[in-house]
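Chain IDs A, B, C and D follow the sequence of writing; residue 1 opens each chain.
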Amino acid sequence: MAETAAVMEQRKPKKSSLAKRNTERFLRNKLAVMGLLIVLFVVVLCLIAPLLTDYDPAKISLSERIQAPSSTHLFGTDKIGRDVFARVLYGGRMSILIGLSGAIGGMILGVIIGSFCGLYGGWLDSFFVKVAELVSSIPQLLLVLVLVAIVGQSMRNLIFVFIFTGWIATFRLVRGRFFSLREESFVEASRAFGISNVSIAFRHILPNCLGPVVVQLTLNTAGFILQEAALSFIGLGVPSSVPTWGNIMDAAKEIMVISNYPWLWVFPGVAIALFVLGVNFFGDGLRDVFDPNQM
Amino acid sequence: MLKYFFQRMLLLIPMVIVISLLAFIGLELTPGDPLTAMLSPDQMSSMTTEELDAMRESLGLNDPMLIRYGRWVINLLKGDLGISVMSGSPIKDIIKNLLPATIILTMVALVVSTLIGLILGIFAAIKQNSIVDYLSSVLGVLGISIPQFFIGILAILFFAVRLQWFPAQGRTDIGLNFWQSLKYLVLPSFSLGITLTAALMRHTRNSMLDVLNKDYVKTARAKGLPEWKVYTFHVFRNAMMPISVMILLRLPMLIGGAVVIEQVFGYAGIGNRLLTAINASDYQLVLIIILLLSIVALFASVLIDLFTAVLDPRVRLGSSKNQGGA
Amino acid sequence: MNEKQVKLPNEHDKDVLLNIKDLKKYFPITAGFFKKTVGHIRAVDDISLYVKRGETVGLVGESGCGKTTLGKCIVRLQQPTAGALEYRFGEKFSDMLQLSKKEKFAAHRKIQMVFQDPYSSLNPVKNIFTAFDEPMRVHGMKNPEERKEKIAHLLESVNLPADYMYRYPHEFSGGQRQRICIARALCVDPELVVCDEPVSALDVSIQAQVLNLMKDLQDKLNLTYVFIAHDLSVVEYMSDRIAVMYLGKIMEIAKSKSLYYDARHPYTEALLSAIPIPRIEEKKGRIILEGDVPSPANPPKGCRFHTRCRKCIDICTKEEPKFLPTKDDPEHFVACHLAETVDPSELES
Amino acid sequence: MSEQLNENILTLKGLKVQFRVGRRLVKAVNGVDLNVRRGKTLGLVGESGCGKSVTAHAIMRLLPKAGFIPEGEVTYYSNEGTVDILKHNPKGKTLRDLRGRQISMIFQDPLASLNPVYRIGDQIVENIRQHNRVPKEAAMKRTVEMLKQLSIPQAEKRVLDYPHQFSGGMKQRVMIAMGLINDPELLIADEPTTALDVTIQAQILELMQDLQKKLGFTIIIITHNMGIVADMADDIAVMYMGKIVEFGSKREIFLNPAHPYTKALLKSVPVLGSGSNSRLEPIRGNTPDPSEMPEGCTFAPRCDFAMDICKTDPPNFDVGGGHMSRCWLCKGGNGQ
């Protein structure tokens, strides 16, 4: 038997066949690959912003106010002479950071509460279900507005607010998966071996939730970036001193700007749309990969 | 059915109570109190701390929170919504003037986007895997990826500024001039509804395809029914159930979106007023508006829920529960 | 009821491995806003049954008769509402429901289960090695090399190459998966394996592979099986004794041969005659049962089967028949007023 | 057509059905020839994925979108004339007139086969009124009569119920009532009892036989259960990997099976009463993936008698008396 083990050691594949199959499935979806490329492209551009432009996004230059795009200012300048290209790049950093950290925070919170409720059930479970129902029936934007009105305007608060509203989808998902996976035979088999509930939850059930959770993460990231933009646009998101895609666009509240200086809002607007589009396509692709019906 | 209706309605009550409580706590947490709201800064500075305290006491502001909450709710129910600090006018009047405009905007957006979303979704499902289907799925993702306000701005640029088909800003009361008011409605409701349209289209397509794979559709075809009958009576009717759930989930987003869109189009609605109130720290007004909008959203969701129940006899009649050992 | 029979096998017999006593499992039915309990599904309703070492006891019945619930109670995936599950641990015979936490955990090594659906029985995100490794580790096989060798050995014993252990469930067919599941159940060296419809999800040509494999493993490892299935022909092929269940109760239990040739309960007769036989020589008259199985939440008064029984007499609607051995065969039990059974008084010691 | 009705009600010649799954082409049915005798019962047996269900759907032209029929001939002979089923548009009037009136089909899962949002009665009435100009009330009356004939208790009340209020066996009765309501000539039953319990299965099978005697329609019963065909069928066709490997009368198939697959199938299932002493003889290996069909005889890789010649596709050999077998072993003409 010993040599069998040795032979097996050699045959052990480097990459798991599951990962390989999932990768293949993902690569088959052209739109998803395109989405991933878009996301990577935008993220990289934002990260290497200092290499791409010498302008400081906050630097006011009254002598260069409202210049149309040119070779010196790729995307033109705004009303107080700041370089729009630099602002879009640096703003992207902030927007993506806010969206992603809000979504990740919400995911962590949702996974924790969801797996707790899914594992133990009981009155705590019903409590969280009611809370989730309540929070999700109030228009999210209004909730954000109230919270911003109460805790004040700052980037940290906004992320906090997103986490507070964003855990629900993940919570429902994880809880639901727990409830359905609990009935699956492989979980019962583990229980028949006497393996503890906590161990089953973390080793068997949770890994099976991760796919859908990651899909939800992409959805939330996309949603939060859109919300941040909307909030900042109406002046209630991130303080205007910090450039974000939404903040840059708030100039477009005037008809004059809309009709005469489109570069002030078209570029950040396209940046948001492009990035969110990429995230959504990517998420769609992931959903196809993780769809349990195809397992 | 009636029983189901009352059950749903009863469930609303605790929800409304909790929301109002949250709103009240929110009000408590905001800087300043009703006194600051009632008195002008000049009056405030002229009074001593003792005098202010005495006034608070006489107004019952030092009472325990629950009592004050009760008083607040009773006032609300009596129709006394308080006074807006910013404008000095009663909040009731502000709501009366502005809420209908917002509801009209959202309703138009909801109805139009539902119709368009359904039609496109059904079409995409029938022509599955065709170019039409492919294009519409790409458009569907595009629709949920572009910020609503960006679409609004683009709409202003093209349809108002360039083509001058519709006015860019403002609104007219329906009562004053019907056609004129419609003109003002087109662009905001279009921008507001487009996200829902896209999402609904994707959802409708998937739901239809789901139902199309069901055995009872095969049964319907095996009866020799023509395709149009199969689609209308057997596929669509069943596909509607998940679709209406989806509309339900999107409804709060629609109301939230209205706040932003009103800002873009300078549309004098409650959302627009909400923003000015926040900027002016008119918290009483802010919370009343949010309370109202939340209740509207809740109420609408119950209506859609009931609609789903009407569609599905299993919900309506209570499905027989068969659990337990196999 | 059969606790203290003199002439019948009971818990004092050395070869009785498991003795189920008056086992009940009720599931509450809840309704309304406040999840008020409005009734109970009596999935398993007062069942007594013994299993001897090395034998296969078949449990057969239609859907909803409680056979799976009974199986799950034996593996303690379900906590019984009442009753006892006595199991022989070495020399000692003790009720598994009364054990300490540590003993309960150790008892899981003794009794394992194979499930119906081979597709959901394996965790889709874990490879076969991990699926086997974890239970062996928690049950005290500390040496990883030993574990790996054992996994290889187990896979080979179910006719699969050892290096399949690094594969994931999606790479296997249904029959292969079920063989893997059987091997997994054996990885902690159990004595008793509860097989819950192990072949009903498989294609007919694959069923025989799995059934034969199970028989071979039983001979090789001296396993005891509780074999649950709705298909009486499969149960008959596998079992030494067969228990026929209806609405949470055992109606009849007997040696396979006696059950087939000498069924005493009208339900067993109907069940036997309802099974289509792939032969054309023998054509016996079919007994068609009227109507549907009543709800286990509200079983008929008296004999549970009386609503569909063609031999139903007055007493059947009023009094529940006792589950008693027949006069000529002490191992043949039946719960029917019309069957010739020993007098209950004769049973007392 | 001729005065004398054709002895067969349905004939299939070289029917092929294929599916596009992604970029792959799955050959589900690969050249099926079949004659269905009028007024008799044909049993189509095979394991899952062998193409038996697809064949039935092809006859009804109810294939899913990904499926198509590259070649073949399906001819339906009725008292109203002969219909070349594959020549017509599956959604066209000719075939729609046939479906539900001349040819009916019932499916495996009665729960899924009934539309959950409509009353049982309305779903049957829909079938009547699709093919007959009758007022609603008359159609409903007929529906109630039919349900009574299928021994559904309190039929007058039950027509107003929704599918979820019926048990599985009752639902399948409703499906049969729906299928037979227009007095069809051919009933295709696709695994009609697989989702049901054995005692309910016995009820349904008995019912189908009784009704057939009374109304005289033809049945094609599709199943994986050799026991059911032994019970129900006059003729039996055994399918494996998209082909009919053996065809013959029930007696021939059971007493004198010619194809190794049929033989193996009969030996691999436990038979009630034979006890646990006899050992089953399993068929080696797995059913191959339909998209990677083996060359030549598709059963050869699992066959104990495989020879070199099995690498080429065996034709249909007549073993005698209309008993056909696709196996090189039967080349001589006797079934050994």
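Please note the rule applied: contacts are C-beta pairs under 8 Å (C-beta built on N, C-alpha and C of every residue); 3 or more make two chains touch, one makes a residue touch a chain.
Keep in mind that what you see is a predicted model, and the values were worked out from it rather than measured.
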item: Path length in the contact graph (subunit A to subunit C, fewest steps); value: 1
item: Joint neighbours of subunit D and subunit A, given as chain labels; value: B, C
item: Subunit B and subunit C, separation of their C-alpha mean positions in angstrom; value: 55
item: Centre distance in Å when subunit C and subunit D are each reduced to the mean of their C-alpha atoms; value: 34
item: Distance between chain centroids, defined by C-alpha means - subunit A, subunit B (Å); value: 24
item: Subunit B-subunit D separation of Cα centroids, rounded to whole Å; value: 53
item: Subunit D, residues touching no fewer than two other chains; value: none
item: Of all residues in subunit B, the ones touching two or more other chains; value: none
item: Subunit C: positions in contact with at least two other chains; value: 63
item: Subunit D residues touching subunit C - in the complex, by the definition given at the top; value: 47-48, 167, 169-170, 197-203, 205-206, 224-231, 250-251, 254-255, 264-266, 268-276, 279-283, 286-287
item: Footprint of subunit B on subunit D - complex, ascending; value: 60, 62, 64-65, 91, 95-101, 104-105, 107, 109, 112-118, 126-127, 130-131, 162, 164-165, 175, 178
item: Contact set on subunit C toward subunit A in their complex; value: 72, 75-77, 104-109, 111-113, 115-117, 120-127, 131, 134-135, 138-139, 145, 148-149, 152-153, 162-163, 165-168, 170-171, 181, 184-185, 188
item: Residue numbers on subunit B that touch subunit A, as the complex places them; value: 15, 18-19, 23, 26, 29-30, 138, 141-142, 144-150, 153-154, 156-157, 161, 168-169, 249, 252-257, 259-260, 263-264, 274-275, 278-279, 283, 286-287, 290, 293-294, 297-298, 301
item: Parts of subunit B lying in touch with subunit D, wherever the complex brings them together; value: 128-129, 213-216, 218-227, 233-234, 237-238, 311-314, 317, 319-320
